[in-house]
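Paired with subunit B in one complex and with subunit C in the other, subunit A is shared by the two complexes that follow.
And then the complex of A and B:
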């Protein structure tokens, strides 16, 4: 019997070898390498042969985290606003869409398909289009706002403080259909008898929603929240495309900030130090999440 | 009675709001792709243009090397999709249906790598690729292999996660019956389990393809003018001095076609596969 067990384990290892090799060479080694780079004074002068770059101790970290040179803390706080507002926006729209499309009516499937389009459309296309709509001079949004008299001066959506709002809208526009379709699937798995029983007991619609619907879909919401928070925290594409690669400080969220630091200013040492700090923050959040949900891949 | 009317009104208003939120930008994308340049550069662009210009869709192939970008994106996305799907199907099955030492650690490692930001890896990749070129003479920056390896690795953890969740929904008895019928592990996997897992595999394949097709971050650094992929091509086109927005929009629609086709064909699989795989995961 033990030989069967051993044979099974051997088979499982064989199945996992490609994934393990890939993870090792393309995730683990580069991560260690990134930490190693963060201790070197690697800038544009050493790019040809970067192994010559001197060790500088924690200099990159002090530069990144100091208030004088580093914009790390402001970037981190805007990133957190971006994450929280995005999750909130997706939550509201996702629940709204799912509840509205849960019952059957004519045209429901068509509407469902239409609402999913932003999820299917390549993100870069959606975001380029939103950038076009947000343009100060030729954008349709300003045109509509001016025509209807809601504003008297064109708003500059893609610069300054407004850019933060624009990247949140862009992020929500791209992501909310996933919430909508997943919550809808979860709603449809709730047995109808529950609602019937509640109706017999005289519950109002709102009570049914808060007492039956919300508790039953909350596991789905938790997963969606975690995924959306992670993807938004790591996001590069949304602010990069919407601001055309030159964000105001409000839209300069972490990934883009590190990218600019590294590949525009060619200050790899500081970029690496910032990524390491970002990774540590992620790690803390992930461990808290794993502990919290006990999703320990049993 | 009044309550029912109120409820209905809420429903209609809500649906109209969501439809406008989604459809208006899409409408604007399509309409702008058919406009004359003069109708774009105006303070108040018209919502219903009086003339349309289908030639935009021909012009984009001359304005930027679309055909080359298309070829690059197809090569890179299809290869990454194939590799990531194979890796994910194997690993997902191993993690889902077997108990062995180290299973938990491996599972958590995959889960965590999926959560790290791409930017964290981009910097080391860039420098390691330079090192490999200097020491071994193998160019990876600006080549297909460099991109495909990166994309595969970048997509694989998520794909493994979904695949594993999908295999969890397939009863273990299926494999046990196959084994008692004289199949070995490999045969039970390829002959019995894989056909049942088709929806999950389709989901993972589409997701992998779309992720590579849409990828921007790695492409900014790891492609050059010869291997430029579509998303970055579109970005650069849009960044040009005096952007022709009508052409940018037309290019955007042309870029979207493969994703739309893919999705339409496999939508049925996709929705069920994603919800069982990702949400239960």
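And then the complex of A and C:
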């Protein structure tokens, strides 16, 4: 028996080896290297031979955290707003979509397929389309708003304070179908007898939703929330495509900011320092979440 | 089977003999680039027996690819680079020092003065000037004549007055088209037109926190926010959209290069040139004596890792021959850097003859950003200040205080970048 258990375990470890090796080379080594660079003054002079870049101690961290215009801190605050709003938007649309499509009606399958399109299409395609829709002078959104009289002047969607809302819309647009299809699957696994019993007991639709549906799908929602938060926190594609890589402050979330520092300014040391700080913040959030769920389980 | 093997052997050997040397060339995509390569490469291959593999990339990706090339040591033998990148790339020591080869490429007298200065810093030559991107004032000459406005506008006052006039006449709502997206070189232009610069002549000090810099930025920011002769929608526009807007009659003044004629159907741009609708002039300055504009363009550099440096140099020499420069101008509508090229028949053909004369004259009076190793890191300031000004306008807080505060912050940040390269 022990020998069989050991053999099974060994077999499992062997299957994991390729993934571990890949993770080591794609994630672990670059992370360690990034931390190393964050203590170096790596600029154009040293790109060819990184080992010659001078050791600068915590200077990159000091520069990043006390950056001109408070860029790091404003970038972090806009990132947190981006994450929270994206999760909230996906939650609302996901629940609505799932609940509406849970019951049978004619054409349900077609509607379900159509709603999945933003998730199936490559993000670059969806977001480039959205960018054109947001154009101030030529975009269809402003065109409709002006023609219907809802606004008297075109809105600057991709510049200024509206840019943050635009990237939130973009992020929700490409992510919410995952919420709706996952929650739908979860809804369909809830036994119908529970609702029948609730009906017999005189429960209203709202009571059924809050007392039966939500509690039973909450594990699914929790997983989706964590995943969406993580994916949004380090999201690069959405702000990059929508702003063309030159964002106004409101859309200059951390991931894009780090890219600009590193690959436009060639200030790799500072970009690496900002990445390390970002990683530590995410680590704290994840540890806090794990602690919270552990306490809840206890 | 033996016959097949024999034929295969013959083809292989022929291939080896025919293209004993192959070089890789990275070129930025642009209007007409592929058409130019389609004609130029076969000519070169026939003449020299050297095969050229061309990889196209966008300007946006080009900088990133160059960085990857420098870091990895893997990349093309010859690369097209923007003139504003030369300083930073020279500093990487990843490109060949061509100082001793100046005469091989023609020397100082062979090239126009402005482009010649972009070949490197500290008197070294790391880059060979390839073509000049001369930015002029392109304007609606017919409207200026119709309303007896300054033709051409020679000062900022002339430009503003004309723009406000056209707006109030109901002719064009937003007459001035300056790009709000990407690297708008007019930012530097407005500084030079006010007899100042981004960094001091000795390269030690950033000059953005100064009254002259404030005046320069305020002038174009006021065209957007105060006088509303620039559309807030320009925030989403690059050169393509602005040129199309010009030919649609929605813009009366813009600052493009000669390639603006390629942004619409050639029949339309040629018709406009023939009918005298288009005027081309040196950009206006704060006063008449300060008229200037950005003259950038592209240079060619050879990778230090190249195993075919001699072939690479032959390719560059070929690309800087007058007749090939004329072919480049014909396909891409960029200005030659080689003086003798302007004698080629192409530059005397109608309806472009006058246009090329104008651009050549403007090129002589042009200005450029510093060729300095720190400029690669500092160049980000240019699109960022454009974004910040358009953002402030969108947020209704574009005012003098905002402009001063932005310039102060950028001054500090760029000084930090400049100091890190001392």
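FYI, the second predicted complex is superposed on the first by the 277 of 298 C-alpha atoms of A that agree within 3 Å, B and C clash if a C-alpha of one lies under 4 Å from a C-alpha of the other, contacts with A are read in each partner's own complex, and residues count from 1 in each chain.
One rule holds for everything that comes next: a residue touches a chain if its C-beta (ideal position, glycine included) is under 8 Å from a C-beta of that chain, and two chains touch if they have at least 3 such contacts.
All values reported here derive from a predicted model rather than from experimental measurement.
Legend: residue contacts after superposition of the two complexes on their common chain; A:137 is shown touching both subunit B and subunit C. By the touch criterion defined above, A:260 lies against subunit C but remains apart from subunit B after alignment on the C-alpha atoms of chain A. Residue contacts after overlaying the shared chain place A:237 against subunit B, while subunit C stays out of touching range. Of the two partner chains, neither subunit B nor subunit C is touched by A:106. Residue contacts after overlaying the shared chain place A:33 against subunit B, while subunit C stays out of touching range.
Partner contacting the larger number of subunit A residues, of subunit B and subunit C: B. Shared-chain residue A:245: touches subunit B and subunit C both.
By the touch criterion defined above, A:158 reaches subunit C but does not reach subunit B. Legend: residue contacts after superposition of the two complexes on their common chain; A:128 is shown touching subunit B, with no touch to subunit C.
Looking at subunit A, you'll find residues 47, 50, 137-138, 244-245, 263 touch subunit B in one structure and subunit C in the other.
Here subunit A touches subunit B in the complex through residues 7-9, 11-16, 18-20, 22-23, 26-31, 33-34, 37, 42, 47, 49-51, 93, 96-97, 100-101, 111, 114-115, 117-118, 120-126, 128-133, 137-138, 140, 143, 146-147, 173, 181-182, 185-186, 205, 219-220, 223-224, 227, 230, 233-234, 236-237, 240-241, 244-245, 254-255, 258-259, 262-263, 268, 271-272, 275, 278-279, 282-283, 286, 290, 296-298, going by the rule given at the top.
Residues 41, 43-45, 47-48, 50, 63, 68-69, 134-138, 154, 156, 158-163, 244-250, 260, 263-267 of subunit A are the ones touching subunit C in the complex. Residues 60, 63-64, 67, 70-71, 73, 88-89, 91-94, 180-182, 231-233, 235-237, 241, 373, 376-377, 380, 383-384, 386-388, 390-395, 409-410, 412-413, 416-417, 420-421 of subunit C touch subunit A in their complex.
The touching residues of subunit B, when paired with subunit A in their complex, are 7, 11, 14-15, 18-19, 21-23, 25-26, 28-29, 32, 40-45, 47, 86-88, 90-91, 93-95, 97-101, 103-104, 106-113, 115-128, 130-131, 134, 149-150, 152-153, 156-157, 160, 185-186, 210, 213-214, 216-217, 220-221, 230-231, 234-235, 238-239, 245, 248-249, 252-253, 255-256, 259-260, 263, 271, 274-275, 278-279, 281.
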